[in-house]
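Structures incoming, each one as structure tokens.
Common to both upcoming complexes is chain A, partnered first by chain B, then by chain C.
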Partner chain A sequence: MNLNKTIKKQNTFWIVAFLLPNTILYAMYTVYPAIATAWYSLLDWTAFQRSGFFYGLNNYIELIHDDLFHASMKATFKFMLIAVPLRFLMSLFLALLLTWRRCIGKTFFRTLLFLPVVTTGAIIGTIMKMIFDPKFGPINIVLNNMGLLPAGFGLLSNFSTSLGTSATIWSWKWMGMSLIYWIASLQSIPTELYEAATVDGASPLQAFRMITAPLLKPFAGVILILTVGDSLRVFDLMLTLTNGGPYFATEAIELFIYHTAFADRVPRLGYASAAATVFASIFVVITLVQNFLKNIQRGYRNI
Partner chain B sequence: MKKLFVVAICLLILVAPVFAGGSSESASKARKPLSFWEHFETFSKMNEDLFREFKAEKGIDIEYTLASPDKMTDALYVSYRSNQLPDIFTVTFSGGASQMFAEKWVSPLEVGIDHFSKDIQDQLFEGLTTYKGEVYSIPLFSQNHCALMYYQPSLVKNVPVTYDDFYNECKRIYKESNGTVYGLILPMAFTTRINETFMYMMDAARTPVINWNTGAYQWDSPQMIELFKLLTKMWDEGLIMPSSVNFNMKEARERWAAGEAAFLIDGIWNVGITKNNFMPELDDFAVCETITPNGEDYMIYSEPAAGVYFIANNSSYRHEATELILGMLGDEYQVKIANVQDQPPFNLNALALADVHQSYRDSVDMFTRRMGVKPYLGLRNLDALQIEANMRTVSPTPSEILNGYFSGALKDWETALHRYNTQLTAARDESIKKCQSLGYKVSFDDYVFPNYVYGESYTSEKYSQL
Partner chain C sequence: MKNSKSLRRNIVPLSVALFLLVFCLIWIYPFVWMISASMKTSLELFQKGLNLIPDRFSFDSYRGAWGKGGFSKYFVNSVITTACAIIVVIVRCSTCGYILSMYDFKGKKLYLTILLATFFIPNGTTIIPISAMSTKLGLMGTMPGVILALSGGGQVTSILLFKNYFDQTPRSLFEAAIIDGASFPKIFFSIMLPMAGPIISTVVILTFMNAWNNLLIPLVFTVGSPKLKTLPVGMMAFSGAYATDWAGMAAAGTMTLIPVVVTFISLQKYFVSGIAGAVKG
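This part shows the complex of A and B:
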């Protein structure tokens, strides 16, 4: 009994010892800023002032009537709706291709597809701006020559195409990350199952439908959650690529917060904090819904 | 023993940064460099000499940072709140200086108004360079604006004067080059600059965006509508470079210098930045007067000259920084300012001794002939400066509206302009009420200057007539 107690006590000590540094840093750099942001959202505070004045819920009331805030929320969710399926499905397709036995140059292509992931978003944004230049950009030259795009049409400078183009660039940049997840998931499926399916005369499509897809489902849930989370963090890329333009078409909520807090004629920290708090709350709700759906799915599996 | 070891390691990890910070601070106290931030690209080389002399004399290193103009403001806000403002810095926000003084961002120079000659004393204004009798900065540049029309003479045959001239010339250039050279390039992503340009162009169109006699905003005046009609027509006909929608100033300037468009609307610093920073061999450029609707005689207004370099309130080098800044008013430094062809020097006599491009001289000549001082709210009532400082941002602004049209987001720009003017008026009314509730003595009348006459400078005598 005493021995058990000692072991338990020792374990508790080690758990606390290992968790403590991380907990302190997490509290300093995540919890404290989150609480501070919530408090700042109740202040009327311009960037010139050292501190703000209590303003109650007025920042939130103003947000409700702010067309630009609505537009930025819309842009954020539209971006998510375009970018998430694109990155999710394209990376799955490429992962299947790169784990296919007959595929040659696997390492080369994996490295090539992963390169944009390790390149800074700001650099990608700057380069892509040149690549999509309406007159001299290679994409436009090719599309113009193929007759798919009128001359001088800027994919990034047109209101109707800029968000889709930005989402495509973002998906391409992060494709390598999802690819790694998918490849790891695919490699966890026992090869015996495919061998048995081959012996039973299953076609590759049938093998995918009956073996790969069902076994990838739990991984797909996790990858989806990660991708949705990633799609809300687009600041560096969008700032250099479009800076929220043209006419706020790509002003994702992160850019709205940045512009309100720093770049407006009279920057307003309180108001920007209110926008950040609303956005964080929505993000929490999305995560809770995803977890809820995952739990339901797990419940079905356990039946 | 093991436990102790782990606890020690954890503690070490946690306190290491504290000791690291502390030790480096104490070690550097002896020779802590003076931090110096500015956004004038062309000044960096010129200031190297100044810093070398300063180090030789004072034994203090200067830690120099060149910031992009559109990032400078963000950098200052962040550094202010983290108590890390550089010892000396420039600002890019217009109209925010008084707020900066009031919130104690900066400390006054170690000299009073009496230190300066009469000429300079006459150019020190409350809320711009002085505050409550103390001098916070000095004007180093003379009046200028950013609505100069730069062009490449090899492309332009007929120098435009009116909107029609401009449209016809751009059309000719585009047509004769088979669409390879555009008429105009605009840095539409630099919205504050475009709005400033509109403001100056409205001055030139004899309809300033504030009617100083009544105090009303007129961002939707018939003259503004006419300017928008010109620009939207040019866009529809492909005469404005399509990438303009996403361009910042640097990109627009580089593409213009590369000969992709004939005209660029910019400030006098275009000469210096283009020649000093990326195209020293470029000589094929000239400048013409700001175009007006029908070639009318015009005057462009700006506020009295503002301060350029400021000393942070928490600077431990106030004395040295004061000396460094005051040295910039010297003749030698003023000639150097002219030589880099950025902002025009405060002492325009320095131009005679400088080696500058003809377009730089032409620009200064236009400023001296065409520029006047507009009514300045702070001179009549210092509290009135709080109105703009407390005013919420109204968006979309005229430049964003134009960008909306260019990008296909909105067709009815005229309604959007009217809405902007109405919302701006409402925002000002709200701000006046807010300022009154904060105890400032302000009213709408602060914007009314009945004795203002277009074409005349609003001089000190005019204030005394009020």
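This part shows the complex of A and C:
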């Protein structure tokens, strides 16, 4: 009896000791900053002042009327609308090929397709800027020779094409991530189902439509949400590829926050925090949708 | 007769493989171009942009980027910050995941809810208070400051990976150790943690990729102290300072990528399982 009590007391000490490192770090670097950003958003505070002054909702009112912020929101969502379907569909198609029973060299191809995911975004941005160079880049040389592009036309430096081009480059970089998601989802479908369907004389297309597609649906929702979240957070690649230009055509919201808080002539911490709070609230919605989808997924599995 | 039959049977898999091969070669073309550009002279690069095999192999760009470009220093900084960030993440996530899996305590539900609720908070939202706090604590522009900022926030995925793994280890093992009178730290360090090897590998590689490739945190933290720049920040500075030195940038890019690619190819299994975990719910 007494022994049990001492063990329990000892355990309490260790439980606290084991939880401490994570709790301190998490409180300092995630929970506190999340709350502080919301508080900062109510302050008039430039980087030259030690601390800010209470400013009410004025930062938010300014955001509503800020053309630059509008441009940035527009760029972010347009980017998402181009990049997400591209990455989502391309990865699904390749995953179907790579999970096919008779596919040759699965691991080899998967490794090559995954390579851009592990590489540094800042490097990709710098290299792609050269590859898409209007004069000396290989892409332009090829497209000029084929007569598809006027000489000296910069796909990244032109206002009308820069967002689409950077969204394509982003989809290329991250496609491998979705590919792994899809492969993992496809592999969780029991193979007996396919075998039964083949015995019954179903064609591959029929098997996909009748078996794979319905079973993939809950996974597709989760993959879609993860991809949307990723696309809204675009930063490294864009900063090094276009730095938001030309004329803010690719100034995604994380770039707007970074530029306002750290890179402008007079960095405005309070104003950037207001933008960051708006940005975070978008992710609150995404998290709610994701939890909803996860519940559906769980429901499916219980059937 | 038999041959033509098997050929017909294999024609679809072969054409799929051929398609994938061509597709993948186009896919990795930017890497091939980068490696080729890094070994050309700038003159050749601008004259014959499409040739992938240089007329004369030159390694001057590597020497230039490593020396005058400052990449030897960036490289050391990246290795130190990444290695330390990995250690911090392993310690905090394995201990926390262990408790969340094996023990009940008051407020456990709330603890988990907070972890899950803040899962999606973007870097852009937390960076301003983190930099303000780090300035106050004297961590701005220091190596420990960068390391803590890289390993301090988030990591919910890694905590849950550990928790789920410990959830699946047989309870009987744990109970037997208690009956044998093993102390709490002994059970953790000599029984439970060694069993979690695969998860440790997964978390190491996820953290490695995150810390090695991170741009925002080192960029904000090293504004006033260029000596602490990591490779991604150094790459940005290099392309700003020597915008026309394409061969130099390609060489710098290749050097930065080699450690990541080697790590990825050798630990691919753990990598894939870590990422796949995100969709399995």
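Everything below uses one rule, namely that the second predicted complex is superposed on the first by the 262 of 303 C-alpha atoms of A that agree within 3 Å, B and C clash if a C-alpha of one lies under 4 Å from a C-alpha of the other, contacts with A are read in each partner's own complex, and residues count from 1 in each chain.
Simple rule for what comes next: a contact is a pair of C-beta atoms (placed from the backbone, for glycine too) under 8 Å apart; a residue touches a chain by one contact, two chains touch by 3 or more.
Only a predicted model underlies this, so the values are computations on that prediction, with no experimental measurement involved.
J.: Please indicate which partner A:21 is in contact with in the superposed arrangement: first for chain B, second for chain C, both, or neither.
T.: both
J.: Per the contact definition in the header, classify A:131: touching chain B only (first), chain C only (second), both, or neither.
T.: second
J.: Look at A:249 in the shared chain and tell me whether it touches chain B only, chain C only, both, or neither; answer first, second, both or neither.
T.: In the superposed model, A:249 contacts chain B only, not chain C.
J.: Who wins on chain A residues touched, chain B or chain C?
T.: For chain A, the partner with the higher number of touched residues is C.
J.: Regarding the shared-chain residue A:262, is it in contact with chain B (first), chain C (second), both, or neither?
T.: Both: A:262 reaches chain B and chain C.
J.: If I apply the document's touch criterion, which positions on chain A are contacted by chain B in one structure and by chain C in the other?
T.: Comparing the two interfaces on chain A, one with chain B and one with chain C, the shared residues are 14, 21, 129, 261-262.
J.: Considering the complex alone, what residue numbers of chain A touch chain B?
T.: Going by the criterion above, the answer is residues 13-14, 17, 20-21, 24, 46-50, 68, 129, 133-135, 151-154, 156-160, 162, 242-243, 245-249, 261-268.
J.: Taking the complex as given, what residues does chain A use to touch chain C?
T.: 7, 10-11, 14-15, 18-19, 21-23, 25-26, 28-34, 36-37, 40, 94, 97-98, 100, 102-105, 109, 111-116, 118-124, 126-131, 136-138, 141-142, 172, 177, 180-181, 183-185, 188, 219, 222-223, 226, 229, 232-233, 235-236, 239-240, 253-254, 257-258, 261-262, 269, 272-273, 276-277, 279-280, 283-284, 286-287, 290, 294, 297-298
J.: Mind pulling up the chain B residues that touch chain A in the complex?
T.: Touching chain A from chain B are residues 3, 6-7, 10, 13-14, 73-74, 77-78, 80-81, 93, 96, 99-100, 103-105, 179, 188-189, 192, 238, 241-246, 248, 260, 388-393, 395-396, 400, 403-404, 406-410.
J.: Sort out for me which residues of chain C touch chain A in the complex.
T.: Contacts found on chain C: 12-14, 16-17, 19-21, 23-24, 27-28, 30-31, 33-34, 37, 45-46, 49-50, 88, 91-93, 95-96, 98-99, 103, 105, 111, 114-115, 117-133, 148-149, 151-155, 159, 178, 183-185, 188, 209, 212-216, 219-220, 223, 231-233, 235-236, 239, 246, 249-250, 253, 256-257, 260-261, 263-265, 268, 271-272, 275-276, 278-281.
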